[in-house]
Amino acid sequence: MTLQTEAEAAFDPNADRLREECGVFGIFGHADAAALTALGLHALQHRGQEAAGIVTFDGKRFHSERRLGLVGDAFSEVSVIEKLKGKQAIGHVRYSTTGETILRNVQPLFAELHGGGFAVAHNGNLTNGLTLRRNLVRDGAIYQSTSDTEVLLQLVARSRKPRFIERFVEAIRQIEGAYAFVGMTNKKLIGARDPLGIRPLVLGELDGCPILTSETCALDIIGAKFVREIENGEVVVISESGIESHKPFPPMVERPCIFEYIYFARPDSIVKGRSIYERRKQMGAQLAAEAPANADVIVPVPDSGVPAALGFAQASGIPFELGIIRNHYVGRTFIEPTQKVRELGVRLKHSANRSVVEGKSIVLVDDSIVRGTTSLKIVKMMREAGAREVHFRISSPPITHPDYYGIDTPDREKLLAATHSLEEMRQFVGADSLAFLSVDGLYRAMGHAGRDPVRPQFTDHCFTGDYPTSLTDVVGESAKQQISLLAEAG
Amino acid sequence: MTLQTEAEAAFDPNADRLREECGVFGIFGHADAAALTALGLHALQHRGQEAAGIVTFDGKRFHSERRLGLVGDAFSEVSVIEKLKGKQAIGHVRYSTTGETILRNVQPLFAELHGGGFAVAHNGNLTNGLTLRRNLVRDGAIYQSTSDTEVLLQLVARSRKPRFIERFVEAIRQIEGAYAFVGMTNKKLIGARDPLGIRPLVLGELDGCPILTSETCALDIIGAKFVREIENGEVVVISESGIESHKPFPPMVERPCIFEYIYFARPDSIVKGRSIYERRKQMGAQLAAEAPANADVIVPVPDSGVPAALGFAQASGIPFELGIIRNHYVGRTFIEPTQKVRELGVRLKHSANRSVVEGKSIVLVDDSIVRGTTSLKIVKMMREAGAREVHFRISSPPITHPDYYGIDTPDREKLLAATHSLEEMRQFVGADSLAFLSVDGLYRAMGHAGRDPVRPQFTDHCFTGDYPTSLTDVVGESAKQQISLLAEAG
Amino acid sequence: MTLQTEAEAAFDPNADRLREECGVFGIFGHADAAALTALGLHALQHRGQEAAGIVTFDGKRFHSERRLGLVGDAFSEVSVIEKLKGKQAIGHVRYSTTGETILRNVQPLFAELHGGGFAVAHNGNLTNGLTLRRNLVRDGAIYQSTSDTEVLLQLVARSRKPRFIERFVEAIRQIEGAYAFVGMTNKKLIGARDPLGIRPLVLGELDGCPILTSETCALDIIGAKFVREIENGEVVVISESGIESHKPFPPMVERPCIFEYIYFARPDSIVKGRSIYERRKQMGAQLAAEAPANADVIVPVPDSGVPAALGFAQASGIPFELGIIRNHYVGRTFIEPTQKVRELGVRLKHSANRSVVEGKSIVLVDDSIVRGTTSLKIVKMMREAGAREVHFRISSPPITHPDYYGIDTPDREKLLAATHSLEEMRQFVGADSLAFLSVDGLYRAMGHAGRDPVRPQFTDHCFTGDYPTSLTDVVGESAKQQISLLAEAG
Amino acid sequence: MTLQTEAEAAFDPNADRLREECGVFGIFGHADAAALTALGLHALQHRGQEAAGIVTFDGKRFHSERRLGLVGDAFSEVSVIEKLKGKQAIGHVRYSTTGETILRNVQPLFAELHGGGFAVAHNGNLTNGLTLRRNLVRDGAIYQSTSDTEVLLQLVARSRKPRFIERFVEAIRQIEGAYAFVGMTNKKLIGARDPLGIRPLVLGELDGCPILTSETCALDIIGAKFVREIENGEVVVISESGIESHKPFPPMVERPCIFEYIYFARPDSIVKGRSIYERRKQMGAQLAAEAPANADVIVPVPDSGVPAALGFAQASGIPFELGIIRNHYVGRTFIEPTQKVRELGVRLKHSANRSVVEGKSIVLVDDSIVRGTTSLKIVKMMREAGAREVHFRISSPPITHPDYYGIDTPDREKLLAATHSLEEMRQFVGADSLAFLSVDGLYRAMGHAGRDPVRPQFTDHCFTGDYPTSLTDVVGESAKQQISLLAEAG
């Protein structure tokens, strides 16, 4: 039971959340390409807060601006947008694990190839990236980053095919894993989604100009129209002559990542015609049916548990109340105070709303438990605020397996559900009762009768261990730090 | 109808909110005085986001750190806290109007008086500050700031009384207006509240050490105990020998500012034994009774309208739904894009949750309307998302008069309700119906039978024009910029 | 013999030089007042490198910009100069001892007095500043800085005289010590020099606009004409109606600081009709006569010893050679390398020019010895470069007493000549012979027959112990840090 | 006569000087490798002030730190040096033309090759760099910089030879131009000098550890011993097993760049057993013989003309005097003042020492004239200070041809001597007489009987047009900006 040792987690309830590794945006032919891309990236900020970049092409030259930090900070000045000239732009927001948040890894990556420049932005993770990297270096390639995305640049650079699209296809045929790419040459905007469609990519349109992006909320923010989702295994090529669609892979059944629905996508994004908000309320309602509780109030963990808590409240008829208040003015970081102060267990980001929970039996609703370190603090906060009973309800199944497709999950031994029984987890978080949504319940909330064990409708290995592709690097990977011989000094 | 011209308001729904001018915190005798003060100020951050400062005393010398920006940024490093040595500390968070946000105005202010140093932090506004300032300058005083608070320092400096507390009382007897002061000498922590108790101040305690602060939420964050509210017209002096209470003014009936309840205080703060959250829910419930609407869903304007919307929903039985989604990743500022992009009416901080509002009749709930410029955009956003009917409900009365006691209100002619009838306001914001909570309804939500016209229980001039003190400066004030002959270059 | 312990001195031959505490500049009626002031301050940069400030008046308001660092950095942008509007400006460059280099001490200081604003810049030091400060604080004054200069502001603020000039004179009559003030009101530019004329101040003119500044080189840089020196004890008042001269003190014989000639003033500045360069060459020639040496080459310590070395060479007929090369690209600071590297005795700012000194008997010429720590390193460097004999010659007398008039001298016990005989000093620096210019020789180089013991022509207490004014604060001063109760956190 | 239009040149007498493009340093096996490299680069700072970098290897990983600015600023903190772990280090200082001073071009460049990492620093310029770059990109190479140096990395990366040294030799055999390389692998320090030895490289030693660097002054600063110069066309490989020398090119007669002697090298550096200072004095003496002048004083243009002026003075018997004073406190930049102020012709970096030149006939000595724009200002300054006659003497021949080997010369039409006769030049600079050192005179000052027209002893095309290698890129180069398709945004 040594899971709760990470002191800094005390200060950030989000410290125990999973991180998506990116959002992408591209637009073709619009006079305000860079400004619109910045706005689109701002709407995708929940997919990555560590860095952002935009590359544009002005008919003659490419322009690049890549920065650490939020889009609203990095691209906050007119002067920055003005430098990003041109009617074509692609952009990227990024989350990455500590140590690799270095400027040379910030996307879009760019290379000057024979025939012209090529920029690319990537959401996802390649499961044979390291293996390909080693082979290419043996063959004389020099890498500018430690990002797996650069493999794509190197493969395209080395292809001998005459047309660019042939070179691109030759490259993606060699890679494995999950990806939504948005790329740009001096003539084309290119989108590509992996054969299973694990990572999302949609096509939109503004003033007749095509847009490719991760979620519909990036279309909404600029008033763009949703056209359609890019299909799994599809490559779209957008140019002056219109939009071509290529299908370079054998046909497969789509299997999108279920975590987009539970967790990553913004509530107002629409996937397959239904809002994420509705799906999450449905998960809450399904949870109320599977694991009811006799309680006085429903209290969401803000903001992750709010839609599911509303669904739970409406299904159960128990009142929804804000038992936890969020402080919106949290700066970039905060003091690491003295040991004494640390022991106070200070809550910088949330506080209990005592008048709501005092003397009550409450149902506390969140969307997931990863390590459990934050959950136990929230339960404790509720008890200290006078809650008589705390029934903890999680609107997704227990996470038992790590991800290798672009979600930053901890090692398996740090996943609470991988090493604890349900009863042990209940004791760990200190709740009076604990329940998770079942896997079939999750699929039902998504509109299916249940999980199809033969052809599962979603990528759901975190709950089931059923990985949808081969994991080439995982087998051979010695240690992550060996990617680079160069220790970044700063 | 020229009210909607401010383009930048398009980007920030909070652009049309009133600003409180400060929060204060002081602690006496605690080994972690500076760290606890920083945490207390963080909990008070909603009272002022432009600057923060802390002054400590270490038994020999005072230490001061005053910075522009959020507490979590300004006091984020151990090294800063370590510089602030000592067991006594006072701190301040500040909002101020543009142009005066200069470092020399950031509080606590400090002066070296005969007999030792004196630091002071102030929430409120003096209505005879300019008049006193001119008299003192005529008498040879040199000011270091343009803050009205410095008048107190100068008056104390010039008093010929032998004991410090006598000098302090002589000073506050000369000032008029609203104030909650927290001051510190090399031996004492001092708190003072104006004769009507317009601004709040409470006494708490941690590990036996007294604390003075604006709201109970600043006690909760560090696990301190609430002791009592400082009374209107009371001066408390905290020293090694304990807590003394002085009453230097003739007794008056308390008349706290009603806006603290409606608007400024954090929902989890407790005033007079009841949580602000409960009071706001009650305002929403009262509003549902006064101005019901036949609608499908209740939609709060986040986050200001959430408690009242929950109260309205529970009282009316209509479901509460998140029809507006807030983007939590807004950076410091954001691009001012091209004219074309500006015309898109981009929503950087909020977006409509179309699935909730499309085809529905909705009740939109907010806590107030100031200029109305934001309200009309939110109504428009709801309509563009497909709302069939928009019934706008405001959980406080119309604001018709400016404040002079520490709330930054626009000039009277910019207050929508000061120049428009209810029907004109409805047309301006574009709602199908519009209703405000009545003044008596507001008092009822606060637990009274209604407003006592002879001895009103609250300071409520913004709704009624009934100012509780004389306005010495307002009469004689020529123009605000004449306070200083020095135009701050940076 | 513990004088050589300061390791950092190893890296900076200037670490052992005395520091002047300021240069001033003011101009009246010129459209480019701020730009010209910045240029004038740049020419005075040798008088203070730690901070610089400019205050202007535009007919309505004052504008102030005060910054740490060099003039060329602090005032390098057009935008800064553009903020400093108006045709009247005063400016200041400052050197100060560590710990007090805080922004609130950077001059010009400014105060809003009854009757209007007043800005002042000061070169010198008041010997009763602390005493006056304490009296004023007892009387209710609040100080904004720890600078002795602020005493002048407070005294002027409190004067009850009707005209500004009367208030100013009443103030300077109360102060003692050395000063050259340049002040500015909304109508006037004011210059004042102490009764003995210890610190310099000259009047110039450009395009018909009067200028007051510390040295003529600040006139030369902008092509201004030299008019005359301000006399000792004179106050000049410059306004639209011309230049008035006041003599508020009883007449005294001028006694300027001899260190300006030896050390501080720029070689191209003209004082009493003769260039500083000439005076220094003359000191070298006088030294060659007093203390000849049979040597192969004359080597100056750059850059302080160059003019005297040229004078010595021309008088002695021995060739002048650059035996020490200066590195002009020294950044702000430099690494403090490992212990091993430190032991190498690295010379970051100078290096020996081996081809000049190897196998030679050299005369090494410098303008002074303070602690002696640098001198011994330079002698050692010459020996390591192969010098056969090193005859060290100093073109001023031994420094035996500290200054209290604006020169930052170390405590008496750290002055090499205060605690060592000539032979002990020779041994300490490691030279084959050592000689200083005699006091009478110094006066002869200045054109006198020798020092008049009854009415010495110069302020020369550092060599003679003969202080020209009373030292009120020195007697009563307990400790410097008691000036302020506030420890500046940063 | 439109040469004098560049207004900013008015502010910087160095604005018209040529720029060297780099200095290199490498050390093998020393515990303080990074600190010593920083010190060595500091001593080489005159060879490049725009950026500096150091790469180290700690036995396991490489560490890199590359920054814009001076060495003393960029590597001023212990923390930076501490990050640069390991006993092997190479470093680089860089000057480059505007627009390319971007971080990705700062050296040493680094690449992770099959077999391990490789870092390289380069002084010089490749005359077929662009041609090779295009060929390599056609073959799939991706460049990380626009530096010609990267060609070497790419060539080494693609070599199929088994041993590293064979791969390195295969690479340098393909390049043309001038170079002194210092490279580093995980086992070796490598030095290489081009077949003609145009750029300098010397071998030194400290505590038994070999050092490679551009000039001996970088050895002196750390007390290292000079061993020998690396020969033209030599490759040295330093490893645990000692120092190997390779000679991969056919033997050629050395032909070092004459500009190192005239201009670039530090005066205290030793080349071929003689100090640069001596050589320059000799050039001045030779000039006095070739072009005597009947004058009162010799005035050097500081600091470039000082050694030649001393030589001229000693040969002619005319006194050497500092007629121009340099301001040492020039910040990074300085204000661009108003038009009026600009017309004053302000001298921020130098001023006339009037007492020296007034009424005199002077010989003004400098080391070269490039565009002539600064020279005319200096002559004008001397005249305005009262010089009766100005005889301008240049201690090198007229520059008539641009360089392509690492010196940043202006286009030919901007070189004053390329487009003006001697008499036209005299009129342009406004001197009473003007003379340059003859080419044969220059060779004589270098110890030769004169220039050998068949096998010139030095690379001297700037004076003679005799380029020592083929200029592959110059013929084919279209425009410099086509090197990169990516316009660096910041």
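All chains are identified by letter, namely A, B, C and D, in their written order; residue positions are counted from 1 within each chain.
Everything below uses one rule, namely that a residue touches a chain if its C-beta (ideal position, glycine included) is under 8 Å from a C-beta of that chain, and two chains touch if they have at least 3 such contacts.
In UniProt terms the chains read A, B, C, D = Amidophosphoribosyltransferase.
Model, not experiment: these values are computed from the prediction.
Common neighbours of chain A and chain D under the contact rule above are absent.
Centre-to-centre separation between chain B and chain C, using Cα means, comes to 51 Å. For this pair, chain B with chain D, the centres built from the Cα atoms lie 62 Å apart. Per-chain CA centroids place chain C at a distance of 37 Å from chain D.
Multi-chain contact residues, meaning those touching two or more other chains, occur in chain A at positions 80. Chain pairs that touch, as defined above: A-B, A-D, B-C, C-D.
By the touch criterion given at the top, residues 31-32, 35-36, 38-39, 42-43, 45-46, 49, 69-78, 80-81, 217, 220-223, 266-268, 270, 274-275, 277-278, 303, 306-307, 310, 314, 319-322, 325, 327-338, 340-341, 344-348, 351-356 of chain A touch chain B in their complex.
Across the complex, chain A is touched by residues 61-65, 80, 83-84, 110-114, 116-117, 137-144, 153-154, 157-159, 186, 484-490 of chain D.
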